[in-house]
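Next up: some structures, all given as structure tokens.
Paired with subunit B in one complex and with subunit C in the other, subunit A is shared by the two complexes that follow.
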Partner chain A sequence: MSVLPWCVAAWLFAVGIYGIATSRHYVHLVGCLSVCQSATYVLLLAVGFHWHAGPPIFYDHPPGTPAVDPVVQALVLTDIVIGATVTALLLAIVVQAHKLSGSVDPQRLRPLRPNA
Partner chain B sequence: MRIRFRAAALAASAAALFPAAWAVIAAMPPFGEHVSPYGAAVNAVVPAARHVSNMVAAVNFDLRGLDTLGEESMLLCAVTGTVVLLRGARGEGTSGSAVRLPGRAIAQRSDATILVCRFAATLLFFFGVYVALHGLVTPGGGFQGGVIIASGLLLLYLGEGYAHWRSIVRGRILSFLEGAGALLFVLVGAIPLALGKAAFRNILPLGTLRDLYAGGTMVVVNAAVACAVAGGFTLILLEFMEETRAPETEREPGEGG
Partner chain C sequence: MAPAATFLPLAVLLPLGAAAALLMLSHWLPPRSADMAATIVSLLLAVLCGWLAWRGLDQPIVHWFAGWNPASAGRPDVRLGISFAADAPSAAVSAFYALLFAASFVFSWGYFDKVHAHFHVLMLLFLAAMIGFCLTRDLFNLFVWFELMSIAAFALTAYPLRESSLEGALNFIVTNTIASFSMLMGIGILYARTGTLDFALMAHAIAGHDGALAAGGFCLLAVALMTKAAIVPFHFWLSDAHAVAPSPVSVIFSGAMVSAGCFGLFKIVIGIFPLDRAVVAFVHDGLPWFGIVTAILGGLTAWAQRHLKRLLAFSTIAHLGIVLIGVATLTPAGEAGMLLYIGGHGLIKAALFMIAGILLARFNSCDEITLYGRGRSLWPAGLAMAVGALLLANAPVGLLYRAGDVIDHAIGWRTASVAAVLSSALTGGALLRAAARIFLGCSGAPGPERNAPTEREREKSDRPLWLMLLPCCLLLALALLPADLLEPFLRRAARTLLASSNMDAAATAALRQTLPASAFLAPGLAVGLAFLSLMRRRPVSRIARAAARLEMLPFRGLDILHSGFVTDYVVWMALGLGAIAMVFSLT
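Take a look at the complex of A and B:
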């Protein structure tokens, strides 16, 4: 059981990368990127975990009781917020790409040429 | 055919990178048995040194405040980029009220939907404020609270309809919240510099542990982040919805612009 978190992180990353490489639609591609990113959340939280340790919030239990690593949790927190806004930015690029080329297939996107 | 080629290229690069990746994977500590010295030091020192009980918020807003300032600027850049890209075709002048497509019918909402959404949106809004306010005491904080506030505002759209929603949620206020939050964060970092101390030095009284006011400058940074996140996320929602409402002109989507 103790290797399960690593396996989940590796599986999420592999599935996301495969989806990005074989994508036929930009929205699908952005979704796959989010799956890849969630692999980092699982990995970071697993790195910070410690058996028999509580949350790093000393409200109910006094300071000094064993707690998991708060640094990686802070990283995951900011990662999620930045990930959401970057997803929005990528989707805005998809909207513009569709307007300019009429296609959302990565295969059919060509470099823009003047008057082409 | 091309997709098969892309998958083969992926498999080849994965095979090439595998020895290096395996060296890292094999060197990972067993799950749940490794204690990071930094995290353990934070847990041991910070409750007494900063009078806050939420260690995650303390790391974000005080100990690594400079790093969070970097995240905050990334958030600002991503929101700005999204807004600029979406407004690109429409031009800079945004309408203060909703744009309506001539051909599109406005779907009537049932009274039950409106009622439930008004209640739920209000509750969600205040829950977001609560989560943001108690960020330094219990799980939560400006990032989470800001996102909850933005989802409450989105629920308001579901009940009220777009035109009414735009008359409640003003784009200018959202951009102001986003920018002012980021500016406040920078000021908290820079004011100690002007006083001849280190950047992000905690210069306010620290308050008491497990109290609503605890952590000194962390309270200000937390509020700044809540404003910036709520404003930024709602602004993104507004711009995407405005995109679906763009009035159709002679130009067809395929002809570029």
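Take a look at the complex of A and C:
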């Protein structure tokens, strides 16, 4: 297994975190969160990958032929479902917050404002 | 299969099934039936998990789902199935969580009757996730329960759909989602290293080979669980989420969810890494420092709050620091103390959040300065709050004191003892001060707490007072139980769990039989601090004003640190990951 996918995963995660830390719009922030999540996809798929191996489906070739690891693929699938749930929930809350406060700037929205 | 193993999946199937049934029937059910059903289900679960804990005392009860047991793979190094294992500590913690949920359901009786049964559905999902999180023995399964727990918690925080609660929920979601990504990456790395997700096989694969991969995987898992457990510098989301969630939900957050993070860390360390020298060294020598900083910082920030729920949130952070120190002891006695601390702290904190909820329901505020003297008519709540505050300040009676004492003995660090005394005294003192202001009308010019964030909010007010006070007083009574009833059980439980690893099992420190004078140090300090702050007068002379400004400075710094902006919190999390990696390389 080459080092490249690990570097890509680390880079994606770092870029996503940077995007979140500097974000001025919640929809953008949710996008950056998805970038962070892509890092986990890349990492997991890289973990299960083998050169010259087919998909782990033994419908048309006999069991025992080299295949990539199906476990991590199942993990990625679960991860995607969870990611979709979280994104939907976040966007729904952002819409509600926008209705109430008129802003979607993460550097302006804060719970319990200081009592100045 | 033994009957106990057959019944084990019921611990999650029952709440999941009940949640699904309530969701289907919510439009037809008569009012209050959802309250009743949810309470009964949680009580049943508490009984079931308690029974499992008792049965699993010597040998964990294991259930392989769908019969995919280790034998079915035909090879000893492959496990295809996913299992639940009810060892005594896990089942006992699950039973405790179910009990807290039951109390919270009674407390919220009629609170949410406008919204059909959605609150109960979410809470039951939350409970199922927490129990699954405690019982599972498969790392990815652990992640799924962790995530289900988070999502239920996110939705419950945003539930009131007010500006603050939405913004608090956003902070909560973003930070905890990043934590779960970190956990998933850790799982991926550990899977790459071991080729399995089963706790026992992973431990076997990792044993003896100290490698960078296992260490990196552990650090990423630790980031996720420490974020859930609100350890500095991952703690920022907690004060936002707890302060703005509806009070029955805050009861669960503070009493159960946060400590589940610490318990998960404990399970992973003894389940997967018991034989990895680098990880054990980090947990034993590095983690206490995180706990100490958390305890002191949480205590100081709690002292400078006026919004009661926010104050309680910071006090939770402080006490979770002590739980983390308990995790780091890695001795049967210390871990028994940690479990007892989770119980004692959860009971007291749940009761105190209920009192904050009562104040919100009656007066639409839980700000100690706004409510000055208005609580006189609610004197039983005031009494309960004073008892809770004293217990939190480590008054030498009940579960929490014994737990703190055991942890203190097991770790044996002077710095840790000082941190525990300081944080107990500061949080207890802040609560006593608030109780005296609200229920007795004691005055005193506000000090650093004057500039703290606060807000008026509204909670449904037509619930009978006795129904809200009843669970609160019951929980406090449980917290006052003599620890001797529970501690031998927990000690035996922790010993069986640690027996599989070769950790120091001999270190069972003898308990002090008589109360030393130092036992009264923390509660005495708390009372003293509260008294001093109530005696405070407006600074008139120039020197007094300069002194007051000087006193304000550090608290002002803490306030700036807890800015409320999620972008800052994410930067802190990245720095925290760096800190963990650095401490790891140093130990």
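Here is the rule we go by: the second predicted complex is superposed on the first by the 110 of 116 C-alpha atoms of A that agree within 3 Å, B and C clash if a C-alpha of one lies under 4 Å from a C-alpha of the other, contacts with A are read in each partner's own complex, and residues count from 1 in each chain.
By definition in this document, contacts are C-beta pairs under 8 Å (C-beta built on N, C-alpha and C of every residue); 3 or more make two chains touch, one makes a residue touch a chain.
What you see is a predicted model, and the numbers here were worked out from it, not measured in a lab.
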{"item": "Clash-or-fit label for the pair subunit B, subunit C on subunit A", "value": "clash"}
{"item": "Touching partner for A:Ile82 - first (subunit B), second (subunit C), both, neither", "value": "both"}
{"item": "Partner chain(s) touched by A:Pro111 [first = subunit B, second = subunit C, both, neither]", "value": "second"}
{"item": "Touched partner set for A:Ala67, first subunit B, second subunit C, both or neither", "value": "first"}
{"item": "Which of subunit B and subunit C A:Leu44 touches, first, second, both or neither", "value": "second"}
{"item": "Subunit B versus subunit C as contact partner of A:Ala21, first or second or both or neither", "value": "both"}
{"item": "Touched partner set for A:Gly102, first subunit B, second subunit C, both or neither", "value": "first"}
{"item": "Residues on subunit A lying within both footprints (that of subunit B and that of subunit C)", "value": "17, 21-22, 47, 71-72, 78, 82, 85-86, 89, 93, 96, 100, 107"}
{"item": "Contact footprint of subunit B on subunit A as seen in their complex", "value": "2-6, 10, 17-18, 21-22, 24, 46-51, 55-59, 63-64, 67-74, 77-78, 80-82, 84-86, 88-89, 91-93, 95-96, 98-100, 102, 107"}
{"item": "Residue ranges of subunit A touching subunit C (in the complex, touch as defined)", "value": "9, 13, 17, 20-23, 26, 29, 33, 36-37, 39-40, 43-44, 47, 71-72, 75, 78-79, 82, 85-86, 89-90, 93-94, 96-97, 100-101, 106-107, 109-116"}
{"item": "Subunit B - residues contacting subunit A, complex", "value": "2-3, 6-7, 9-10, 25, 28, 30-36, 38-40, 42-44, 47-48, 53-60, 64, 68, 71, 74-75, 78-79, 81-82, 85-86, 88-89, 137-139, 141, 143-144, 147, 210, 229, 232-233, 236, 239-240, 243, 253-254, 256-257"}
{"item": "Interfacial residue positions of subunit C with respect to subunit A in the complex", "value": "140, 144, 147, 151, 154-155, 158, 161-171, 173-174, 177-178, 180-181, 184-185, 187-189, 191-192, 197, 240, 243-244, 306-307, 310, 450-455, 559, 563-567, 570-571, 574"}
